[in-house]
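Take a look at the structures listed below.
You will see two complexes here that share subunit A, one where it goes with subunit B and one where it goes with subunit C.
Up next is the complex of A and B:
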């Protein structure tokens, strides 16, 4: 478990990282560095998005699966790592 | 239009690139380096995903705008560049 803590701390303290959220298989955020309402909103939106992204990948090739997502926008970069129905979400401000 | 051809050629000749598709936001195929059937399948699946991504981003931050989306899968990577009127899909096999 110590490894997990260390890894999370390393990600959270990375330059530009605005927030991290870990959502479990029941859609409950089990760890977050953002406020509760933002966390709940982001977790819900990104969970729905990830479900669609994953089924898009599998519709093209049923033997394939989603391993990582990066949503790059003008203001942010949102990275989503799905694993066993859990989600690790990291929101970063891109470095100039 | 010659520019578009050149850009497509350059992308296609890049090591690891399996294909490149350009389509309008409505899903009309403009150009593709892949055969028709697979192109139609990709566009039909990615177009709604792109709409969803844009909406998700809007819900998270109404002032933000999608620039691109990267879906990493077990077998390859899809890079989707989004514009107001068009989108482009690059499919490549990332180096091991």
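Up next is the complex of A and C:
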């Protein structure tokens, strides 16, 4: 439990990180540093996105699996780490 | 009642045709209807019946209960909370969350994800991986063609006895004519019937000839009877003929009429001033760089301060200001370089010819370690080289009197964008580097001198110095021979390598002469 806290704190303190969200298998945001409505939006949208991404990867090659998703937009970058249907989402703005 | 009719026939009458005859009818039997029997008659009802040979089946119809369905959209706001938890109740949601956070699975999972994510975050922070490179130079006109040279023509010595072409020169305007000077470079090998002619070749085949004794001295064109001036090339500047150096090549830049440079047999380049009064002042400075005679010496047509020399097995580029060493040089080639010249169109391109008959085209802005293009022009040694003023035609003269004309591809003979500034920058850079090195050398020398002056073992030091000299020479010889032998052994081993990899390894460990070799050999053993 403490490890998890430590890890999350470390991630959140990195340069450029705007927010982090942890979503569990039932689409419930367990832990978040953003406000509720934004969290709910992100969780819902990115869950669908990840499912689509994973199915794409596995469709092309069944032996393959999704390990990481990065969405780079003009303003920032959304990084999603999926595992066991849990999702760790981090939004970081690039530092030049 | 039986109705029968019996007739008899004679046997002899069997088979006879039947003769029929009419006779009146006879009533045989007469049955009258009896009305009493009519009452006994039963009338049956008629019936139609269809018949088929199959199984009996029956048919039913049933209607199920109606099910109402409706399609509409739904807005999913919150995640899939379990039924018992009301999403609007903050307390309940918090409690649920806390419960999930305590799960073992969740903890492990998140730790792993955390490390993965951190890696990517750090990556993002370190470098902008979506950076647009080369935004400014959007249009890159790279010539994707490989450098090439095409042989156009080979002009052969029309005489029977083949002589070497020692020098070539293009006609200044138009560049259609090429003058070739022949002489026999073999020591005392002048056969009696060798002609002393030189030829002017016109590209197209025809030629004219005129006699002149190909010597390189200082001639005034108006007074061809004797040289106007002689200059004795003595490094000590004393005008001493005994110590004079033999001159091999001469460089004269028309824009700087007072200065000229001479390349000598001993590997020195002497820069001289024509206008100086005394012989001593005529020699301005010397540049020492080659181990052998300097066969070619030419200033860069775009940067007159830099000149190219060719001698022994290297080509060197010098800057006038740096007298200690050349600013750039090629690595030691496999055979002697006989001639070189700059390209008149591109400041960073120069050509060299070698003893093994190869013409090298070097582009120092593109690659400095190797020539950009190597063309094997002939099997005989190439002794001379000249580029035509348009930079596209090159003439090479070989040992057996053949002058080969090559056309260089446009990539190597057209001025590229920024080439002049890039070449200028490069020469500047190399000059600066040499200057810094020179300064450093001077510092070190000063320090050593001051140190040795302080020590009292001056005389002993001087004697040791002389002994050391001999020892040094002996040591140098030994080193040289051992290196040559090691190299030869390495060459033989490389030919046998596929079979003897393990043996090579052992030999490698024992043989501690060259450290560089282990690099090669490990490469080879990887193949096994």
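One rule holds in what follows: the second predicted complex is superposed on the first by the 96 of 96 C-alpha atoms of A that agree within 3 Å, B and C clash if a C-alpha of one lies under 4 Å from a C-alpha of the other, contacts with A are read in each partner's own complex, and residues count from 1 in each chain.
Going forward, a residue touches a chain if its C-beta (ideal position, glycine included) is under 8 Å from a C-beta of that chain, and two chains touch if they have at least 3 such contacts.
These figures come from a predicted structure and were not determined experimentally.
Peer 1: Between subunit B and subunit C, positioned on subunit A by superposition, is the outcome a clash or a fit?
Peer 2: These partners fit in the superposed model.
Peer 1: Touch check for A:46: first (subunit B), second (subunit C), both, or neither?
Peer 2: Only subunit B is touched by A:46; subunit C is not.
Peer 1: With the two complexes superposed on chain A, say which partner A:72 touches: subunit B (first), subunit C (second), both, or neither.
Peer 2: both
Peer 1: In the superposed arrangement, which partner chain does A:83 touch: subunit B (first), subunit C (second), both, or neither?
Peer 2: After superposing on A, A:83 lies in contact with subunit C but is clear of subunit B.
Peer 1: Angle subunit B-subunit A-subunit C between C-alpha centres, in steps of 10 degrees?
Peer 2: 30
Peer 1: Go through the superposed model and pick first if A:18 touches only subunit B, second if only subunit C, both, or neither.
Peer 2: In the superposition, A:18 touches no partner, neither subunit B nor subunit C.
Peer 1: Determine, for the superposed model, which of the two partners subunit B and subunit C contacts more residues of subunit A.
Peer 2: With both complexes superposed on chain A, more residues of subunit A are touched by C.
Peer 1: With the two structures laid over each other on chain A, which partner does A:57 touch: subunit B (first), subunit C (second), both, or neither?
Peer 2: First partner only, subunit B.
Peer 1: If you take every C-alpha pair with one atom in subunit B and one in subunit C, what is the shortest distance in Å after superposing?
Peer 2: 8
Peer 1: Which residues form the common part of the subunit A surface touched by subunit B and by subunit C?
Peer 2: Touching subunit B and subunit C on subunit A: residues 67-68, 70, 72.
Peer 1: Quick one: in the complex, what on subunit A touches subunit B?
Peer 2: 41-42, 45-46, 48-49, 52-53, 56-57, 59-61, 63-76, 78
Peer 1: List the residues on subunit A that touch subunit C in their complex, please.
Peer 2: Counting only subunit A, the residues touching subunit C are 1, 3-4, 7-8, 10-11, 14-17, 22-24, 26-31, 40, 43-44, 67-68, 70, 72, 77, 79, 81, 83-84, 86, 88, 90, 92, 94-96.
Peer 1: Within their complex, state which residues of subunit C touch subunit A.
Peer 2: 76-82, 96-97, 100-102, 105-107, 109-118, 120-122, 124-125, 128, 130
Peer 1: If we count contacts the way the header does, which residues on subunit B are in touch with subunit A in the complex?
Peer 2: Its residues touching subunit A are 41-42, 45-46, 48-49, 52-53, 56-57, 59-61, 63-76, 78.
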